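Everything on this sheet refers to the single structure shown next.
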Amino acid sequence: MTAEQIIFLLVAFFTLGSGFMVVTTRNLIHAALWLIATLFGVAVIFALLDAGFLAVVQVVVYIGAIAILFIFAVMLTRKDMRDQGPQMNRNWWFGALISVLTFGGLYFLLQGWNGLSKTAADIPSGFDAVGELGNALVSPNAYVLPFEVASVLLVAALVGAVYVAFNWK
Amino acid sequence: MDFLQDPLKIAADWLLGIFTGWGMPEIAAQVLIGFLGVLILLSALMVLDIFLVWVERKVVSRFQDRIGPNRVGPFGLIQPLADIIKLLIKEDTTPEGADRVVYNIAPLLSMMSVLILWAIVPLAPTMLGVDLNVGALYLIAAGAIGTLSIIMAGWASNNKYALIGAFRQVAVMVSFEIPMLTVLLIPTIFAGSMGMSAITQNQDIWYVWITPLGALIFLIAAIAELGRAPFDMGEAESELVSGYNIEYSGMKFGMFYAGELLHAFTFGGFWAILFFGGYRFFGLEQVSAFLAVAVVVFKAMIGYWIIMWIKYTLLRIRIDHMLAFNWKFLTPLAFVLLMVTALLNALLADAASWFYISIMFLSNVLLGWISLEVARVYSRRQREKVEGPKVVEVAHH
Amino acid sequence: MSQWLYIGLFFVVGLIIPIGAIGVAWILGPKKPNPIKQTTYECGMETVGDSWVQFKAQYYIFALVFLIFDVETVFLFPWAVKLGQLGLFAVIEGIIFILILIVGLVYTWRKGMLEWA
Amino acid sequence: MVPLSWYLILAAALFSVGLFGALSRRNAVAILLGIELMLNAVNINLAAFWRYGNVTNMAGQVFAIIVFAVAAAEVAVGLALVISVYRQRNTVIADDIDMMKF
């Protein structure tokens, strides 16, 4: 077993463990903090995959913005709900069953696929992933449309969220 | 002269020889050397941090026409050591009802978020931790961890002041992150890379000459990110006592305090790297790596001094004004600046360099002037809307 | 990969240093807790009620606006890296992108969401 | 070298954990937390396929970035809905939110 594999396993167990805490912790703020731990684990996974840009964006966007928004939302909706009472709904066993089945099904599918033991080729030296990403995002015969549409999507989300949540006037 | 040029590599090779001589596998030796290097760098920073306490106290007392610490040691230089001994032997209390785990993790994250920034600081052409090609975003990512530590501290302390302070601080920090991100794009455009090393190498002409407005916006956003006056609403001591760190005592408080000082110094350094050429100073960096380090530390010190100067000169701004200033003035201005810079940069790609620089400089000055005029007209109209007696707002000291 | 190993080392050492400092303080410092010492600090006043203050919705709005702008600005970084080699067309694309963003900001402003209600 | 299967199994497991959270939690905010986990699992897959496929083809990373944008939009609107419901009904329990029923 190589050092990289050991690092991967440690990070994977950390990520999964904190992911499990996210869905089982009673205290919602703790759940949000565990979510941050999970997201950080995923960022390390991105770094292991040589996707440096994704790793940093994961921290900036998820930990810096989405998690903060979650914590604020929990605080905003918590006035009379002190995280008491059951945190799981009546059919939680059903959800557990479905998720176990999903994992089993995915695992089964992966077993039958022959590309699984593939190992990664080395990144060509001088390959600038961020620059390539920039090329791909603005090149008309690549992803310029998704790039602009993402901007529209986000503005639509902003307008919608502001309208839905805070339409006092 | 080799040692003067690249001391790190020579030291590392020397250590590698020793370690492998002991029968250590080469990979492990490399990791150990890296670990030692990081440990030495960060320990040196902590020592510098102790010195910064003295600098800060001395400078503020000169601003306020006092002498400052002068009893312990020459010029009071030993004073911060005495402070540290005090912090070390103080009792560390935890308030009842605190969320112990989160409460104890918060100061660690606060300090860590500052220390990890030094991974990407180019100290000399041959001396830098990691030449990360996503450096500019890494800067923001470390800031995100700092934001997180503040909200954790405020929430876990089980104290109203701490919670209010944390909310305010986080609202300000995240808001000013947008103009900061936007102006970070400008050196990225010029250098064609997000790496701090590439940005430094590309500054044959300091970027402050081609984007003075960007440098100014970065400084303002950095001060807000630091939570320093005039943007220190989060710890407004006249109403919130101390803000998010109110319940912390002893060394845990020391971590927040030292983190804040080192953070200010670090942002002074990043200001120098992004806009003032980093370690470059008339070819001095070519002579020796040690001179380059001296240059970058000197520039960072000047940046730190400017941040202090602003802190001890201006009054605290009310939180609604602060956020309005960001969202209604600084953010649109940063976006317009980014668009103008990108456009001019493309249009003048083939122009002579003196022409390019002067057009860039003039466009920045013009944009700054126009935005100030627009803000003046807008605020005059807003003021006319408010009828009745003139409202005088009193800022707290 | 090895780059990220060094970043990881910075994270580890960045944690070890404050843990060490706090640990030394924990060993050296006295430990004599009593109930008065551990009460919530409010400048000597006794705490009234719960520390759970009503959260002002305004903070949430700023966080929301921040989230959208954060993601959009991050999108622009790959664009900025390649801008020098891409020519005018790419610049126009980026400017359209930013203009769409500004529309969102103007909407929020017009709705009065940026006021401290 | 880590084989591709490890990443895919990790992603599948994370997806299942998120699915469990989304299906079983009562609190609407917690349901959104579960959905975030699922989106992250997808991103691991995208990044892994980028790395183990043809590296010069940036499709994997581009899609991962689009997923970031979608996640941000989802959180913004989702939490806005939760807050809106909370303002009207004073609850964030998903079972009690039944305004769409006649």
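Chains: A, B, C and D, in written order; residue numbering restarts at 1 for each.
We take it that a residue touches a chain if its C-beta (ideal position, glycine included) is under 8 Å from a C-beta of that chain, and two chains touch if they have at least 3 such contacts.
Everything numeric in this text was worked out from a predicted model, so none of it was measured.
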item: A-C against C-D, pair bridged by the larger set of C-beta contacts; value: A-C
item: Farthest-lying chain, centroid of Cα atoms versus that of chain B; value: D
item: Innermost chain, taking as reference the mean of every protein Cα atom displayed; value: C
item: Approximate Å spacing (C-alpha centroids) for the pair chain A, chain C; value: 18
item: Centroid spacing, where centroids are CA-atom means, of chain C and chain D in whole angstrom; value: 21
item: CA centroid of chain A to CA centroid of chain B, Å; value: 28
item: Length of the line joining the C-alpha centres of chain B and chain D, rounded to whole Å; value: 33
item: Touching two or more other chains - residue numbers and ranges from chain A; value: 4, 48, 50, 52-53, 57, 60-61, 64-66, 68-69, 73, 76, 129-130, 133, 135, 137, 150, 154, 157-158, 161-162, 165-166
item: Shared-contact residues (touching 2 or more other chains) in chain C; value: 3, 7, 55, 57, 59-60, 63-68, 70-71, 74-75, 77, 80-83, 94, 101
item: Per-residue overlap in chain D, given as positions that touch at least 2 other chains; value: 65, 68-69, 72, 75-76, 79-80, 83
item: Contacting chain pairs - touch in the sense defined above; value: A-B, A-C, A-D, B-C, C-D
item: Residues of chain B defined as touching chain C within the complex; value: 31, 34-35, 38-39, 42-43, 46, 87-97, 107-108, 111-112, 115-116, 118-119, 129-132, 134, 136-137, 158-161, 163-164, 167, 170-171, 174-175, 177-178, 181-182, 185, 188-189, 192-194, 241, 246-247, 250-252, 254-255, 319-320, 323-324, 327-328, 331-332, 335, 338-339, 342-343, 345-347, 349
item: In the complex, chain C residues that touch chain A; value: 1, 3-4, 7-8, 52, 54-55, 57, 59-61, 63-68, 70-72, 74-75, 77-83, 86, 89-90, 93-94, 96-97, 100-101, 103-104, 107-108, 111-113
item: Of chain A, residues touching chain B in the complex; value: 3, 29-30, 33, 36, 52-53, 56-57, 59-60, 63-65, 67-68, 71, 128-130
item: In the complex with chain C, residue positions of chain D that touch it; value: 65, 68-69, 72, 75-76, 79-80, 83
item: Chain C residues within the chain D interface of the complex; value: 57, 60, 64, 67-68, 70-71, 74-75
